[in-house]
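Have a look at the structure below, then the notes.
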Amino acid sequence: MDFADLIQILAATVRLSVPLIFTALAGLYAERSGIFDIGLEGKMLFAAFSAASVATVTGSAWLGLFAGILTGVLLSLLHGFASITQRGNQIISGVAINFIASGLTILLGNAWFGQGGRTPQLPNSARFTEITLPFAADIAPIPVLGPIYSGLISGQNILVYLAFLAVPFTWWVLYRTRFGLRVRAVGENPGAVDTAGISVAWLRYRALICCGILAGFAGTYLSVAQSASFIREMSAGKGYIALAALVFAKWKPLNVLLTCLLFGFLDAASIRLQGIILPGIGEVPVQLIQALPYILTVILLAGFIGKAIPPKAGGVPYVKER
Amino acid sequence: MSVPLGTLPRWVNFGLLPLLNVAVAFALSGLVVLFIGENPIEAVKYLVQGALGDGEGIAFTLYYATNFIFTGLAVAVAFHGGLFNIGGEGQVYLGGLGVAFGALALDRIMPWYITAVVATAGAFAFGALWAFIPAWLQAKRGSHIVITTIMFNFIAAALMVYLLVNVIKQPGNMSPQTRLFEEGGQLPKLGWLMQLFGLDIGAAPFNVSFLIALIAAFAVWLLIWRTRFGYEIRTMGTNATAAVYAGIPYVKTVVVTMLISGGLAGMMALNPVMGDAGKLQIDFPAGAGFVGIAVALMGRSHPVGIIIASILFGVLYQGGAALAFDMPNISREVIILIQGLVILFAGALEHMFRPALIALFAPKPKAAAPAARAA
Amino acid sequence: ADVKPAIVYGTGGKFDKSFNEAGYNGSEKFKAETGIDYKDFEPQNDTQGEQAIRNFAKRGYNPVVALSFAWTDAIAKVSKEFPDTQFVLVDSVVDAPNVRSVVFAEDEGSYLVGVLAGLKSESKKVGFVGGMDIPLIRKFGCGYVQGAKAAGATEVFQNMTGTTGAAWNDPVRGGELAKSQIDQGADVIYAAAGATGLGVLQTAVDAGKLGIGVDSNQNHLHPGKILTSMVKRVDVAVHNAYADVKDGKFTAGTQQLGLKEGGVDWAFDDNNKPLVTDDMKAAVEKAKADIISGAVKVHNYMTDEKCPG
Amino acid sequence: MDATPAIELVGIDKRFGPVHANKNIHLSVAKGSIHGIIGENGAGKSTLMSILYGFYHADSGQILVDGKEIRITDSQTAIRAGIGMVHQHFMLVENFSVLENVMLGVEGGALLKGGETAVRKALQQIEREYGLDVDPDAIIEELPVGKQQRVEILKALYRGAEVLILDEPTGVLTPAEADHLFKMLAQLKAQGKTVILITHKLREIMAITDTVSVMRRGEMVATRKTAETTMPELAELMVGRRVLLRVEKSESKPGPVVLAVENLTVKDGRGVTMVDNVSFEVRAGEIVGIAGVAGNGQSELLEAIAGIRKPSSGRILLNGEPVEHVDPAQLRKKGLAHVPEDRHHMGLVLAFEEKENSILGYQDDPKYLKGPFLDIDAIRKDAVEKIEKYDIRPADPRLKTANFSGGNQQKIVLAREIERDPACLLVGQPTRGVDIGAIEFIHKRLVALRDQGKAILLVSVELDEIRSLSDRILVMFAGTIVGEPDAHADEQEIGLMMAGIGREAAE
């Protein structure tokens, strides 16, 4: 494998890790505030649908993004209503959201566009397309740096850059702002937050809104940037992978970035490793390579990080009075 | 805004409340139907007619219900142990392998009831096997079982396709499936049972695995409430520290509970593979593993509740097909939506109507507090 | 005769932009021509498929068309129960007096588009992206490889999108697979992957390369950027089935629809005219003639599950 | 002193579902005074104060601060009204630093940066003033409980509390630390601040308060000037009748060693040594009491002996035989019974029926089984017998355990463990949260068991309980046994040991 191949794989890694980064960060806000969110998959899917639908109708990618975010936030509020206000089981609420998203997107899509739940193909004008950074072509011939700049850094769409910015931004919010301090506190001991005179419920709702916004970005990226229409079930398990990444990253923003890049890399590699012949073993079954990210997730969860300690108050509704 | 512990009469707690939750889920689905521009009343008519209108419809409903009883029981057993098994789908898939091995080996030389015993054992074993690793990792390494079972669903799909495409596919056949099982590998239909009620089974694949499901439900009831191991499962599920105190071995209990759970899921494969298609084919679980979650929730993890909830979902499936048949604008996904809403209202929002019901039905506080105080 | 047509789609769903949609189009065409309405159904799972076929038969529909090899066993069963109903099975074979089985020589059609790809490619490297990894899709790929190699391609990249039904609906992965092939030098990519193919074509076009569509004529999706499409005339098969019953000309038995019968073909229209030189066109037409005449034998993957070369 | 009371509560009423925690409470707290509130466990003290602090909402009643009625809807309102509270169960974020904990809720702006410096400065000021030194950058979970409590007090003071509520602050303190606390409270009072002190230790009340109110079963039964009342009067008010102060028991007749612990070391989940090389013996026919301030390793010691925690080194011998596999099931079979400290979290499954709890831990006893199946009839019969013998009320083996009162729940556990006729019984906090009648009953049972020649190891943070029950007393401090005072030693002496100050040093 030469350097150019490497750049290509890395570029694919970046593209494939973006939805994971957005989604895992979304989960980070929710779970740091003490709300488990297994419904990320559904939020991403529904956001992808809304974004593509609105982009189709209005011809504007930005309005699509807005719709995606709105959808993510609304579903988050539903999750919040169930798990904060009604103190329901958070995992069950998340599973429900996944079902609803998977049914309703196709149902509505079919009713509106009559294409079996697909939205019409978006023209490039209604998508987030690749942005070529200044001097990309000029620098390209320079060895090493050139390909990195022109092949990896330049030529991505705006949401990719936003995803990479969202990581330090989240770190900053979490560790440098009042809101972040409170979110971290409420995920550990809601009683401390409550007795400090802060509303636990409203704080968690706000964290979930952040979660919804990021899930909206993830969905929009899928349908309006990475591809050009909504397809049924297009989230294809990424929400779950992002969740695994979050656990693997021990709920820390910078770790999230690294983990998502790792998973993105595995995915990229699995795409490129198809049909390769390993000496002595023969052709590696394509199914094995495709299952590799899942297998690795299990191995990583089991082996390298051992017990990841989640936010202490995570998953349990805050009940003051029995 | 307190949600006091239940002091509701049993019939409200286990009857009215779930019914109310489901009713709301349906009402909302009705709104969606309306939004799409169809008449919800008509829709309900088609749905009920299709599912319960004649013998064949009923038999189909029960056929689907059979699947959900198995997966619902699987989820429930794990639930009792405080474990959330989302891996039913993958366990069912692997269970199919066990059924297929049994049927392919014996269908030409044995009567169906011998084959069925072997296939059931195989289904249970393979389903259990697929639950084993997540269980072991949870017990030993603390890897979150929700995540590992989800991962194992994906891995199961890949593995099964590999096996079906490359290993056990019937040569010369276009689709990745095994050869058709012969008579000794097919479960008999339950026409006679329908006959007892004066109904005609028609062409519905309603078969003996329904009875096996009922037996399994009874066995689960026995296990959970009447055996020592069930007692240990429940202790672990409701109070983990008390379980440690009581000397209940955590690793063993988690693993065995999940083996039973996975095995029950695996047994579901009997119904579609040996009872209907007579072959192992790709994607045969078709989401039944996930429906099991909804069923267990609605049935409050009690076998009787699960049977009732399974029949309800059977009605939804069969009726939903009839609905999509007659109302082309409503695609089959409406069923997934209704499932989601049922899970939401019967599961996550199960307490929403409780305060109102308590106001209506609960005995007044004074009467509720046990009269006697400590000596 | 009495015609009351009904059609049961494959589990991929009615609007998959390719196979099932072609069946839908054929039905619509028949309806437009004759004013006779038809009934259709999208089954959610295999059990429902059989159920729907039986339902249609019971309610007196005739003919009952079943799209997809997945209904093979169902048709075998139901056709026995309703000997007076005519059944049509697409993509698979059932031997019964009231069943017409329609199978296509996708290998032949794929061979043709392979030839065109091989000729058009500057790098002499071309790609194939399949949907779900099943023998039928390998049959597409195998025909394509043979054609491309015959036309001078030195390398044909082949990838499958996935191992489950989701592989038909994963344009992102399809796009990445295409991208990886492009990175390795491919400049023409053939997608036989249902809706996943849309992502393949999009990626190829975005990268300034050429795509090849499948099943329906997809040239119009990106005018001037799709080299051609391998059309599989499911629409014609469906339409003919209805019409034959209507005209009392229905025949049972297997219909092998290859190039000769016009069952498969390459698409040439205004959208891709600028891309195809006269020489290329001539070469493709010659290959077509050779196959029809038997001078060129396209190996069918399904016969031995192997692909030469 | 000002004439308008700092705090006035009028007709406060509060129910938790079936529990009537506060019944029509009236209370007036004078400005600049220290006001004690006493009452047994579950009397409703914490509930009342939490209502004042806005943590719970009263079902009815009014709150007046400085003579003005205010509606305290949440803790923010209370804080703004100058009320601060140190909760019985600390409200700290354990993986945060002291600084972050103090800042929470008063960050002083959307960004932390500015606030941080301000808090740091203010903390230094407060620390100096009250002698409350704590490293602002220390992580809470690494601090000992006494320090953690200081953080809670710092929090309240930093938020400008004029009225400071302390809910049982001394339970986690050594006598010396408690003294320090009381000095600080006196200082606060001198500055004109008001203090409300909850405790059930009468001595503390007599030592420091100006006024004292007594609660019993959710009611405010009396308020007295401290100077005008006596300990016996308060005790009687608290429990509603004369209190039996000593347990009637004969001299012990110790037999052979039943339980021996040798060089036991136990670490907690974080790897901190909680029990450090501890050795002792318990003989047949004696009660050995382990005294100590909560959190000094007694709980871990008890759990290690019961097989619940894995010791990192050392041996446990039962009847002279070393226990190979230290796990609860094995130990039970060898005749070790265990009444755990926390019945809700460990001793019972509250969601189970009474009869199901009566076999917890003994579910593998063939007596309760028919093959792999539970013998429901045998279990019910057994449960009914215990219910009668221990006067458990209501006498319904099918009732859900959560619906029994605390004392009756404790009796369910005791009946289960004692009726096994164990060779050795471990008992943790046997009367925590139990009313006085049940306390008497439980104490009598334990003594009777001893008199049958059983070995009993008792852990309790109630020094009175230890002193009245034990034949021998061991004092634990910081994970080690620091001494074995005479069973009749006075409280003072044991108290010093509990603070880690040896007998020699004390003299």
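Letters A, B, C and D name the chains as they come in the text, with residue numbers starting at 1 for each one.
Operating definition for what follows: a contact is a pair of C-beta atoms (placed from the backbone, for glycine too) under 8 Å apart; a residue touches a chain by one contact, two chains touch by 3 or more.
The shown structure was predicted, so the numbers you read here are calculated from the model rather than taken from an experiment.
> Looking at the contacts, which chains touch chain A and chain C alike?
B
> Consider the two chain pairs A-B and A-D; indicate the one with the greater count of contacting C-beta pairs.
Between the two chain pairs, A-B has more contacting C-beta pairs.
> Please flag the chain sitting at the greatest distance from chain D, going by CA centroids.
Measuring from the centre of chain D, the most distant chain centre belongs to C.
> Find the geometric centre of each of chain B and chain D from their Cα atoms only, then give the gap between the two centres in Å, rounded to an integer.
45
> If you average the CA atoms of chain A and of chain B, how far apart do the two points sit, in angstrom?
30
> Rounded to a whole Å, what is the gap between the Cα centroids of chain B and chain C?
Inter-chain centre distance comes to 37 Å.
> Going through chain A residue by residue, note those that touch at least 2 other chains and give them in order.
Within chain A, residues 116-117, 287, 290, 321-322 contact more than one other chain.
> Which residue numbers or ranges of chain C touch two or more of the other chains?
Residue numbers touching two or more other chains: 42, 133, 163.
> Multi-chain contacts in chain D: which residues touch at least two other chains?
Residues 16-17.
> What graph shape do the protein chains here make by touch: line, ring, star, complete or other?
other
> Check the chains against each other and report every pair that touches.
According to the stated criterion, the contacting chain pairs are A-B, A-C, A-D, B-C, B-D.
> Please give the residue numbers of chain D that touch chain B in the complex, ascending.
15-20, 306-308, 327-332, 338, 340, 345-352, 356, 359-361, 363-364, 368-369, 372-374, 376, 391, 393-395, 399, 402-408, 411, 434-435, 437-438, 441
> For chain D, which residues count as touching chain A in their complex?
For this pair, the touching residues of chain D are 16-17, 53-56, 74-80, 85, 87, 89, 91-96, 100-101, 103-107, 109-113, 115, 155.
> Which residues of chain A touch chain C in the complex?
Contact set of chain A toward chain C: 5, 8, 12, 15-16, 114-118, 121, 129-130, 222, 226-229, 231-234, 236, 267-268, 271-272, 274-275, 286-287, 290.
> Quick check on the complex: what are the chain B residues that touch chain D?
Within the complex, chain B touches chain D at residues 2, 4-5, 7, 222, 226-229, 231-232, 234-235, 238-239, 241-242, 244-249, 365, 368-375.
> Give every residue of chain C touching chain A within the complex, in rising order.
13-17, 42, 133, 158-160, 162-163, 166, 169-173, 175-177, 179-180, 183, 195, 198-199, 202, 206, 221
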